[in-house]
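Look at the two complexes coming up: chain A is in both, with chain B in one and chain C in the other.
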Partner chain A sequence: MFNSQKVSATRLTIAIIVTLFMLFPLYWLLITSFKPAEELKSAIPTFWPKHFTFQNYVDAFNKAPFLRYGMNTLIQTVGVVTLQVNIALLAAYAFAKGNFFGRDKLFLAVIAAMVVPEQVVFVPVYVMMANVGWLNTFWALIVPNAVSAYGIFLLRQAFKSINNDVIEAAKVDGAHRLHILYRILTPMALPTLVTVLIFKIIGSWNSYFWPLVMTNTDNMRVLTVGIAMLKSSIAGNEMLNFQLIMAGSVLVAAPIVILFIFTQKHILTAMSNSTFK
Partner chain B sequence: MSSEIKLTKHVPTKKRSLLNIKRRESTKDFLFALPALLLLAIFTYYPLVNSVFISFTDWNLIRPIKKFIGLTNYQNLLVDPEFYHVLKVTFLYTIIEVSLELLLGLGLAVLFNVTARSFGVMRSILFMPHYISMVVVSMVFVWIYNTDYGILNTVLKLFGASPVSWLNDPSTALWAVIIVAVWKGVGFTSLIFISGLRGIPIEYYEAASIDGAGKWKQFLKITLPLLSPTTLFLVITSFISSMQVFQSVNIMTNGGPLKATKVMVYWIYDLTFVQFKAGKGSALVIIFFFIIVLLTAIQFAISKKKVHYEG
Partner chain C sequence: MKMKKWLVGLTTAMLVMSSMIGCSSSTPTSTNASEATAPPATEDKTPVTIQYWHAHDDDQKAALENMVQEFNKKYPWITVDTVFQGDYDTLQQKLQAAIAAKQVPAVTNIEVHALPQFADSGVLMDLTPYISRDKLDTNDFSEGMLKAYSYQDKQFGLPLIVSTSVMVYNKTMFDQEGVKPPQTWDEIEEFAKKLTKKDGNEVSRYAFSVPGWDTWYFDPWIENGGGAILSDDMKTAMIDQPDSMKFMKLFKDWKDKGYMHIGYGKGASGNMRQMFFDGKIGMVEHTSALIKWYIETAKFEVGVSFLPGDKKRNSHMGGASIAVMDGIKDNEKEAAWKFVQFMTGAENNIKWAEGTGYLPTRKSAISSEEGKAYFAKYPQYKAVFDNFDNVIGPPKSPAFNEASAAYEEAMGKMVLNGEDPETLLKDAAKKMNDILKDQ
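Moving on, here comes the complex of A and B:
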């Protein structure tokens, strides 16, 4: 495992061809966003723009309030992830180290919630949001998604593996339980916390169904919904404007790709540790 | 903590004070779990029960009064040919998507299961689309599939074939949507397969090659059987997530052409927010949820069994 294997040239060649083939759609996305409109219609496709341009990004910003969309996505993501992580830390501590009536049954109820897809609960939640006047506000985007059962599950596992002596020692020193949780347990469970953080950031940034249902004004639209709206508004016209849609799509995907590149090692380790255990 | 210590000084018997402390401690523990429990109760469990109730009513989502009509929504669904069409499309989509993703994922796993650094980089590239928004991915493929200027048809024309309206032709649209999901998910699937492959002891292969078994025979007799827990895990988790397909259909085809890609969640959305038949939509939600629960139960039973014979 530790020293690299010798790889045959054939295997390497096949692997590279497969990788390039799989990478092509993303390359095509990026490269189209830098092409002028006329170049999209040329009979022979250009694999590098003949006239490299940033104009599509400017046009996309003029066609739709992308700055607003981006801010909305950012606020939603920060809100959801902050709440999810803190609520999960508290609950994970209670379920791992606490002792109260019905603890394990209640934990089961938390886990069971993972089975319920958002498409099953969205109508009653929509009505609830309408009744309290939260439709088209960040409340509707953030509060119903504030709990991550998956996050509670992972963090509880991590806390359970920490020896009770650590907690007892802190208690003897007179440490408050919030102090124990945030200053002692959380640093010890940091790899798990980072995993939860990464997955939740990606999930919230990419969410589509929930914001589509809960908002309907241009001011409250998030990036994913904004792009979809841009496509349907352009599709009405005769003009082919894929360069604009691709520019907008790059804006949605770029932060996640960057996050992925910087955290992929962590993601891979987390995945191989958590799939079957 | 300090207040509790003070308190013990005033209470006469030691036993009682310990009990008090315990009760206080457990209340505090419970308070830590309370935010999560309350939010789940309000935003998951109550809506679940409420969905069942709405499915028994004739309701247009806006009107304050919900007329109770019993099982009528379910009866109407069961005699509606569209219901069976949607079920068929959803299961066709799911079965084909999961089969392709697993077959290709296994192939990629075998090809990329090399510890060389360059292969690690390539694995990451294959895996990356899993984390990119389905909205973005759908947009890219709408452009690739474009009838007049899409790169796919341009390549076909080079080989002398006539262009195809991939997303506007009922015979190709479902396949076109499936391919997108396979492209997005296959890297993830192959990584799970690779971690399964690495769990197989190398001694088995050594013993087999001493006995003269070729590579192909080793694959059939050692790799596939020992990989079956991984495969089962992937079949069921992919099945559950494929059943929930919505974004790609909503963006690429809107359920068309001629309902060729009309899957369950798309119909749920359409019934509720476009046709305003929230009662009928909720009945469909409940049926959909039952299928998901059933699949999860099967997964649970299988993973329990697996643990059983391993231990």
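Moving on, here comes the complex of A and C:
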């Protein structure tokens, strides 16, 4: 039999090694953003900047209107996530507790939508957006992303695990459907909801392809596209000015990391409690 | 099981639907192939705005802004909206969407390998009638660069961003060792023997390196040996012909002797550059767009030589053209054509080349005073211009990109597993023929 202390020590060591592996790219991102360009060219990589500089951040800010980009990213994310979460709640409630013709088949259609990548559907959506004159507006950034099949799927699972008696009792008390959904079911499915919320915020914040395709002017661009515009490269594929890109990336990633730190507890319970049930 | 069937059915239906929507509306709108005359030139000065969709990187932005300003001085009634659309791949995807939506920009970049695809679908404006109407002297362009953007004898765009693969060498090392960069394949053996260094069985210095991670770098080697990638009608793979296979057999031989380094896979480019800077490789084949960067980064003197030749001595083009989209209004076409001429014109050619790091395209610009000053500053570019007309475009098949993956993989297997070139290329040819058949 294993000594339990030994086991936990082994576990800890493995955990530390794995964590280091995960943290290293972030560490590299951060220190590269503080290195001067010359240091990146040197043959032996330095694990700590020899000359610590903020110049890359200054350059990144000067080269593009990052405040405008940040504002746009924020508006897009808030819009998308608000719609996604509410529509997912309503749809998940119907799929989990509703009783109507073709319910399960419709749900399969929703799941099928999960496996279709955006590159497949963007052409017809682009045409639609062009026809209604929504290109280069927030409508095109938000409305086509209003429904998240993934969110519907996760919340349906959560709602399914809630006993019907709860709903019946509320009905007896005279609660109508929206009241049941938002006041009773939603709090009970909170861990799942937080998971959906966080994944969707991250997804929308980091989206690149969609906002690039749907917008045309500098005042509608988002952060991720802004970073791509800082790039200097060889024939478009081999990056030469990593220090600038990294500085830009730190600016984009910072809000997400801060969000993670503050909501860490919810994320962890959500992951272990609901997703793998 | 039942669920799976459902899923497959549904997804397929959605995919088909979306691709149908995509295709049905992307058919050319106003292509009239028989029309070979441009409308007569008019002096219409009513204000017009044209969009230019581009993939210019940040380091080219200043040069682009400068050009647009100069253009506005000359044609104050034309406003050019420059819109960055990501790299070439994203730009092309977006262009396809825009074509389907019938809301295209007036002017765009077309990457050289993508030209056949776009020209074939009839979405680009044929510039030929405009060229003859305005008597544009096309002989002033490098012949190969111009031809790279013609398709079935029609000119779809003019060369704007041109790079080509060159041999970048460590001149300091070459002078010490008393070698010169090889100009023909026959000279390579002797050159490499002198330069290669070994510690026992380990090679401590390779004479030269040719990238294997992208066929663009070894495509000219296939042709220079007397072979071809595709047949003239673009319907059959020629990669399994004896002359086409010659280069890879030589590569294997040189590689086995320790003369040659071939990079393959992710990170190979960075690796190769580092080995070059560390003096572990004497000479590397790379894009001319990097010449300036090599000169600035290396701690030794850098020289540039054209690719060594055998039966031919060509080098392939990279980069993009500037092209006009069909399906825009006539006055926009006129403005777009003016912009295209200005961007590729001889008067700003050297300034544009210097600002972007790409190659000049005009013979008159190279022989001008400005051009001479440019060569005095960067004598390394001379190697390219001594072979100006030998910089040519890739094979013009809409399936080229897809088909080239087959022999790129063959190169990988030769490099990594040391497999036999003949078997590999014969297999690759079979795969390529399957792809070409579907066209």
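Keep this in mind: the second predicted complex is superposed on the first by the 208 of 277 C-alpha atoms of A that agree within 3 Å, B and C clash if a C-alpha of one lies under 4 Å from a C-alpha of the other, contacts with A are read in each partner's own complex, and residues count from 1 in each chain.
We adopt the following convention: a contact is a pair of C-beta atoms (placed from the backbone, for glycine too) under 8 Å apart; a residue touches a chain by one contact, two chains touch by 3 or more.
Values in this document were obtained by computation on a predicted structure and should not be read as measured data.
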Between chain B and chain C, which makes contact with more of the residues in chain A?
-> B
Touched partner set for A:Val123, first chain B, second chain C, both or neither | both
Looking at the overlay, what does A:Val115 touch: chain B (first), chain C (second), both, or neither?
-> both
Identify the partner contact of A:Lys105: answer first if only chain B is touched, second if only chain C is, both if each is, neither if none is.
-> second
Looking at the overlay, does A:Lys63 come into contact with chain B only (first), chain C only (second), both, or neither?
-> second
Applying the touch criterion given at the start, work out whether A:Asn131 contacts chain B, chain C, both or neither, answering first, second, both or neither.
-> second
Classify the contacts of A:Lys231 with the two partner chains as first (chain B alone), second (chain C alone), both, or neither.
-> both
Does the superposition put A:Ile142 against chain B (first), chain C (second), both, or neither?
-> neither
Look at A:Val213 in the shared chain and tell me whether it touches chain B only, chain C only, both, or neither; answer first, second, both or neither.
-> both
Would you please give the residues of chain A that touch chain B in one complex and also touch chain C in the other complex?
-> 41, 43, 109, 113, 115-116, 119-124, 126-127, 209, 213, 228, 231, 240
Please name which positions on chain A make contact with chain C in the complex.
-> 41, 43, 63, 105, 108-109, 111-113, 115-116, 119-124, 126-127, 129-131, 135, 209, 212-213, 216-217, 225, 228-238, 240-241
Chain B - residues contacting chain A, complex | 1-2, 25-30, 32-33, 35-37, 39-40, 42-48, 50-51, 54, 61, 108, 111-112, 114-119, 122, 124-129, 131-137, 139-144, 146, 148-149, 151, 154, 183, 186-187, 191-192, 195, 229-230, 233, 244, 246-247, 250-251, 265, 268-269, 272-273, 278, 281-282, 285, 288-289, 292-293, 296
Provide the residue numbers of chain A that touch chain B in the complex, in ascending order.
-> 1, 3-5, 7, 11-12, 14-16, 18-19, 22-23, 25-26, 28-29, 32, 40-41, 43-45, 87-88, 90-91, 93-95, 97-101, 103, 106, 109-110, 113, 115-117, 119-128, 143-147, 149, 152, 171, 174-177, 181, 202, 205-206, 208-209, 213, 224, 227-228, 231, 240, 242, 245-246, 249, 252-253, 256-257, 260, 264, 268, 271-272, 275-276
Spell out the residues on chain C that touch chain A in their complex, using ranges where they run on.
-> 3, 6-7, 10-11, 14-15, 17-19, 21-22, 25-26, 51, 55, 57-59, 83-88, 90, 93-94, 96-98, 100-103, 163, 269-270, 274, 277-278, 287, 289-290, 293, 297, 318-319
